[in-house]
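Think of it as A, B, C and D in the order they're written, each chain with its own count starting at 1.
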Amino acid sequence: MLAPINISMESLNVMTLAPMLIPVIGALLILVIDVVKGGLHKSLYVVLSLLFLAIDFFSLLDASELFTQNGTVLGMFDVMLIDGLALLAQFIIVIASMLFIPLALTHKRFHEFSYPEFFALFLFMIAGFQFMVATDNIILIFVGLETASLALYTLIAMHNRDKSFEAAVKYFTMGALAAGFFSFGAMIFYALTGSVEINKIALVLAANGYADIGYVLVGTAFMLAAFAFKLSLIPFHTWAPDVYEGSSAPMAGYMSIVPKIAAFVVAMRFFEFLVHSGIVWLDIVLYAFVIITMTVANMWALVQTDVKRMLAYSSISHAGFVMAAILIGTTQANSALFLYWVLFTFTNLGSFSMLWISRQKNLPAHQSSDHSFDKFAGMIKTAPVAAMIMGLFMLSLAGVPPFALFWGKIYLISSAVTSGYTILALIMALNSAIAGYYYLKLIVYMFMKEPVMGNDGHMYVANATLALKTIIGIAAVGTIFAFVAINPLLEFITAFVYNSGY
Amino acid sequence: MLDHILSLLIFFPALAAVFGFMIQKESMRAYGVSVAAIEFALALWLWYVFDGSVSGMQFMESLPLVPSFGINYTLGVDGISVFIIILSAFFTLLGIGSLTDTKQVKYMIITLLFLQMTMVGVFAALDAIVFYIFWELSLVPMLYIIGAWGGPLRIYASIKFFLYTFAGSLVMLVGMLFMAYFYYQATGVWSFALLDWYRLILPETFQLWLFAAFFLGFAIKVPMFPFHTWLPYAHGQAPTIGSVILAAILLKMGTYAFVRFSLPLFPDAAAFFMIPIAIIAIIMVIYTAMVAYAQKDIKQVVAYSSISHMGIIILGTFALNVEGITGSIFLMLGHGVVAGALFLLVGVIYDRRHTKLMSEFGGLAHVMPRYATIFGIMMMASVGMPLTINFVGEFLSLLGFYQQSHILTLLAGTGIIVGAIYMLAAYKKAFFGEVTNEKNKNLPDINKRELFGLIPLVIVAIWLGVYPKPVLEPINNSVKSIVQLMHNKSTTALAKERIPNLVKPKVVIIEKTIIEEVH
Amino acid sequence: MEIGLNHYLVLSTILFAIGLVGVMRRKNLLLLFFATEILLNAVNVAFAAISHYYGDLTGQMFAFFVIAIAASEVAVGLGLLIVWYKRHGSIDLDALTTMKG
Amino acid sequence: MEKYLYIALFAPLVGSLFSALFAATPKKLFTGIVGSLLIFTSFVASTMLLLYILKTGEPIHVTMMTWMETGDLYIPFGFVVDQISVTMMMVVTLVSTVVHVYAIGYMDHDKSFNRFFAWLSAFVFSMMILVMSDNYAGLFIGWEGVGLCSWGLIGFWYHKESATWAANEAFIMNRIADLGMLIGIFLVYWNTGTLQYDEAFAVMPGLDTATLTWMGIFLFIGAMGKSAQFPLHTWLADAMEGPTPVSALIHAATMVTAGVYLVVRSNELYSLIPNVGLFIASLGAFVAIFAASMALVNRDMKRIIAYSTLSQLGYMFAAAGLGAYWVALFHLMAHAFFKALLFLGAGNVMHAMHDELDPFKMGGLKKVMKWTWIMMTIASLALAGIFPFAGFFSKDTILEAAFAEHHFVIYGVLLFTAGLTAFYSFRLVALIFHGEERYKIFGIHPHEAYRFMLIAMSPLLILAMIAGIFKEPFFSMVEEILGAAEYHIHSHATALIMLVGTQIFVALAILYAYKKYANKKVMVPDGTSAIENSFIYKLLFNQYYIPYFYEEYIVKPYREISELFWTKVDMKIVDATVDGIAGIVYGTGEKTRQMQSGNLSTMLKWMVAGLVGLLSLAVVFGLAARYSDEILVFLSALGV
């Protein structure tokens, strides 16, 4: 007979699992409520989700206290990992989700929000992402990734438009291919090292001095392809614009932030040791990814006629920009990544929310898409406050100081400078200038063109409710007064990143 | 309050702008004028309490912003910046006061007040990042002013203005980050404080690269040839008030930054690049003057003339001696007053006829004698007539550069010839001759509101031409300390040779005389 | 002939390549899903073999997870496919081109 | 005495500002009167200063206030009244008083009467600064100031295209010279450390000759512009578009002599560099004959006098260049009197003839304009250098100086020019006042000028007659400061022969002019006569084609190049490059967006392609790493 396995609860460190469990419980609760009594209003689910996210947030605070005291904590058979990266990423995930979920409280009725499943899936997705970042184990990363992704595909599809389904199918198919890449890559590393834990892989590889460098590179190539898909690096980005366009505006904004930060953290865990082991190939490939993604995505963003699609390309470009942090790989760069992403969260969610409040139920005849540039012509005359806030987000995205993203930009560029990537720093800077054009384009439409006849400005806030306005207000305040928060944020992030050994 | 007068100067207009949203439309102009007047009074007060005999920074204030990254909100003024700050307050007041009826005057005034904040901020900032923040932020209101109130090509012009400057300043930002990194390497502490950077002596190669990075940002702003093409568009399309502020203050940011950053931070590089930059400056002077001569639109003449004058400013700056730099700073003020006035004047005629083509005019001196007189005075100031403000600056700039190169000064000096050519030709076309166009026969002469903007400028243009001392002296004191700093910091023989040492008394000439007498 | 690890790995690679070709060539959404399944199962083969080679259960665990994930993918994928088919009466890939540029 | 100095200096400014107050209003007689009175005040103050200088011989030196002070540079508003400047002040204030009073009559019917006086008084103020300043920068203020006023006054009738064109031409040409002057000033500053005359001159002997030479050359370039020396002379004749009092004051008596003043003022510099002096003298002699030759055939009364002015300036430079500074200054003074008189006389004629300028269309005017005739004849005699009029004393001394310094070529040229001068002067007088009354064809009824204008001219008439007696006192006054030497030909006989010979030569030229132009056969030329078609005539009449040359080879190319710079270089190259870069970025985006075809199959292919790319790179690197040793061996075998 098998001897009973004695495991003390202490060694399990259930605490490490708590942050993921909370949204799962929340999701289950929502489903149960629906079973018990159906047809409840979406506000209930929104608030419930929010509450669970709040609890999640507090459990993260707890965990971070644990981390500051004890350093990295392992739990659940050493599968779960609480370190600085995990915590920071989870903070971003949870905060972004908390900012996202009230956006369901729209003035107009939308199909997806009437289903409690939407909120359940949403919470499952968050749990998936949390798992993904809070582990060192490739299996769990994979599981987390797929959990989140599958939930996400469904969420996109629930928007219930032709374009949404198309987007979901595209995203799903490509995601499946990427999952194939990921598992194949994992397989190669497993074959090389006999382990699926990143730190062990690193140790083994270092121990034999990267003897099988060719295979390591092949494995890395597969992993890179999988992450490049998730991070929408060119040429693995093709899903992004279509999916952003197909999904609802807040969902697009959410997608530009949360899945990517999760992927970044994993990429950081996975590639950092490779970068530091002096593999030239990886340097070159990452360099190429960074530059091509930034530049080409910018060029495509230039020629868009739809704001949302423009923002999609802009998000790709931002991802490329931040990818530079992985390439550089210093503590400063990694901290800059998180700083950038926190700030990006506010600004980008803000701008997508602005699109969301101007969303009509049906497309007017003269518009080719939901958020064409023409729609925003002369907005300053008809809806000045909305125009100014939108302009603010655009300026922040363009990196105009002192708005939020500027700080992320200088810190990231500074990290490139500090590590001797001069050319990279210059290219990053010049790309910001190119990007300036398409953000400016929207500002030009809003502030400098004449409004279309018969536009009384109501359409820009047609979908607005107090909840949406509050979220936008928070995003706007966060964007404007970012400079107050930079120092504490930076200290917090740097301490966490540094203490995790990155 | 004195401790925070600079913050007050910066944020008072911004605050007023925010409150401005609450003001009712008809009262907006009065509100704007009062705010600008208060701001100007504060600026004058700053001058009053400013100690002109001190060469260092005054009214310093510092507030940690991102201390872990060495960014502090540090402000301070010295003789170099204090007058440009006053000038910007002055021009905002005149600009708002003489604002002719435009659509959406409320937004215009709010935008101007925001612009005011950024302008003062740029000149008062002593932290590179704070400087950069205001520097970039100043683009936004200007973008709006050009784009929303401009002519038919306004969108193209405004985007060009924004992106061009933006691109240049991003390269400059990389330079700043490098500079901070070098400081970090040297001291182990991050700092973007200018006064800290001043103490840093960099190897020459680093200096050259950093100089180039900063140069790009500044050169586009100035704008220097061949980065100047955004300017004619911006001026051509901008409404009067936009051109006035752009020419009077915004362009000065670039030249000011050369003095504030490039020279004291990279003295060796400044000495190294002196001749190439002087050649660019000369191209600016002559080439743009010729282009100005070919213009058909009187506003474009003034626009290109701005570039031409900026050439002299650059030349004076890179004379690297006290005379030249003092002159160039004075010329910044001078050109601000004169170009601002000229754009206001062009605005006067534009308001009446809605055209700026010189061929549409002719004989205006008959119908608008007062206007012609003021225009004439400002034109003469522009061509550098002695006893007007521009002459002092041009004279000193050229005089300063003459020490460095005779031939180049001679070439740059042709500016006084070519400058006279396009200005006189333009004046002749617009004002002299018979009134041929029927529409011009009954043009009303200049009115009170316009005079409100112009008379003070005329007074200043002549007052500071005749008696520049109150301004020149503080500038001189501050410049002396910068030149001495540059000399002390420089490492190459070339720089030591080109940048004079002020501590040692000049003995060369005296010795020579004595020797001659003995023989 | 002894069948060793390398043979499994080669098989896995070949299967993966077949999957890739399928992903690229198939214009039918359903067949495309098949191709992705082949990809994942190719990996499973390799995992099982390596796991055996190392005498370590981790690989097999991974394989099980992959199977589970593949299953849920199919569920989601088919769900999407059915909706799409209901709306358009086709599962041809070339019809999915309303968004581009 | 400082009080007088300030009165002399600022009275014209007050007058100018006063008149300027009424500039845009209709004619107010009192602006003219007040202006004239203030200029007269200035004249009285100058006289007081002259008396003081004569009495004490001490220069008065005041520093009013600092102008510019930076680095080592210190420029005050400092004024010095010494023998040189007081001479100039006397000339300036006297002539301008006369011209002001005269202009009250001359500008009687002009609607811009007030503006005229504002400009004219401003000019006097600028001129006073020019001559009174104690440093080069102050001189430059005046220098530019007179240029400005000259611009305003030449272009006074701004409705006339020719007037505004001439004004701009004058200004721009002066600017060219001013650049030289400016460079000269810079040279002075950087080599002596100061711009004060006395301090700078004190240092100069210690400088090397090359530096001094450059200094002298550049300062002289400044002088060439203001004094309209070749090749910057064309503006002066065109400047005659201005009202005649302006021509008398600015373009004959005062402003154009500023160049001479500059050379005289810098005598301590120029005496160190005799080579430059010789160049100046040679140029002066050349301009003297060059201008005189153009005056021979010209058919514009004012232009003839303008060329004569040019020619006389040549004399002055010849003298100054030869080191005879006091002679130059003396001729400057004498010339101011008779040339102003000549111009004012011409103004009377113009008034009478309704602005007709062609002397061939006049004739016989002496009957109706007796006083004018007398005045112009005497002025012409003085100009021709006939004893005992003013010109005799000054011009003869120049000839003597040239002879005494053994520059016989210069002497010869100047002597010959004296003959030409006499000829064209009396050609003019003869054509205007003698012979047939040709004006009647044109239906003009000439009349004499106002009496007060004639009275106003009388001081000049008297001075043109008697200025010679000042020669000795003047010499003794400036002797010390200009290091002057009297020029005496060693042999008395030679001197006498020269003197008498010159007089006879000049007298013959006068007689010839009368014979040719005072008879009744003179007709209005119609361009058919043989002489009018001769090459020489055409050459002279077209001013040696120099204006044509300037127009064709400088002005036009400048305009064309400007146009080219704008339309081609600025728009098509510089701006197009910027737009091109933006266009490339945008265009690349536009072209490559096809990649996003929206087709899922393609998208998947892109992913696989990306993977394959990564893999092939990995394989290459992997192989390279695996076989790095072999590769190194291989490469070293290749000699890399």
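Just so it is clear, contacts are C-beta pairs under 8 Å (C-beta built on N, C-alpha and C of every residue); 3 or more make two chains touch, one makes a residue touch a chain.
Remember, it's a predicted structure, so these values are computed and weren't measured experimentally.
The pair with more inter-chain C-beta contacts, choosing from B-D and A-B, is B-D. Closest to the protein's overall CA centre, chain by chain, comes B.
The chain with its Cα centroid farthest from the Cα centroid of chain A is D.
Centre-to-centre separation of chain B and chain D, using mean CA positions: 34 Å. Between the CA-based centres of chain A and chain B the separation comes to 44 Å, rounded to the whole angstrom. Between the Cα centres of chain A and chain D there is a gap of 76 Å. Separating the centre of chain C from that of chain D, both taken as means of CA atoms, is a distance of 94 Å.
Shared interface positions of chain B, defined as residues touching 2 or more other chains, are 163.
Within chain A, contacts with two or more other chains are made by residues 169-170, 173, 177, 241-242, 303, 437. Listed for chain D are residues 582, 593, 596, 598, 600, 604, 608, 611, each touching two or more other chains.
Under the contact rule defined at the top, the touching pairs of chains are A-B, A-C, A-D, B-D, C-D. Of all residues in chain A, those touching chain B in their complex are 380, 395, 398-402, 406-407, 410-411, 413-414, 417-418, 422, 425-426, 429-430, 432-433, 436-437, 440, 443-444, 447-449, 483, 486-487, 490-491, 494. Here chain A touches chain C in the complex through residues 138-139, 142-143, 146, 150, 153-154, 157, 162-163, 165-170, 172-173, 176-177, 179-180, 183-184, 186-187, 190-191, 194-196, 241-242, 245-246, 303-304, 309, going by the rule given at the top.
Taken in their complex, chain A has these residues touching chain D: 169-170, 173-174, 177-178, 181, 213-215, 217-218, 220-222, 224-225, 228-229, 235-236, 238-239, 241-242, 280-281, 284-285, 296, 298-303, 434, 437. Residue ranges of chain D in contact with chain B, taken from their complex: 23-24, 65-73, 137, 140-141, 144-145, 148, 151, 155, 158-159, 161, 164-165, 167-168, 171-172, 175-176, 178-179, 182-183, 185-187, 189-193, 203, 205-207, 558-559, 561-563, 565-567, 569-570, 574-575, 577-578, 582.
Residues 9, 12, 16, 19, 23, 29, 32-33, 36, 39-40, 42-43, 46-47, 50, 54, 56, 58-59, 61-62, 65-66, 69, 72-73, 76-77, 79-81, 83-84, 87, 96, 98-101 of chain C are the ones that touch chain A when the two sit in their complex.
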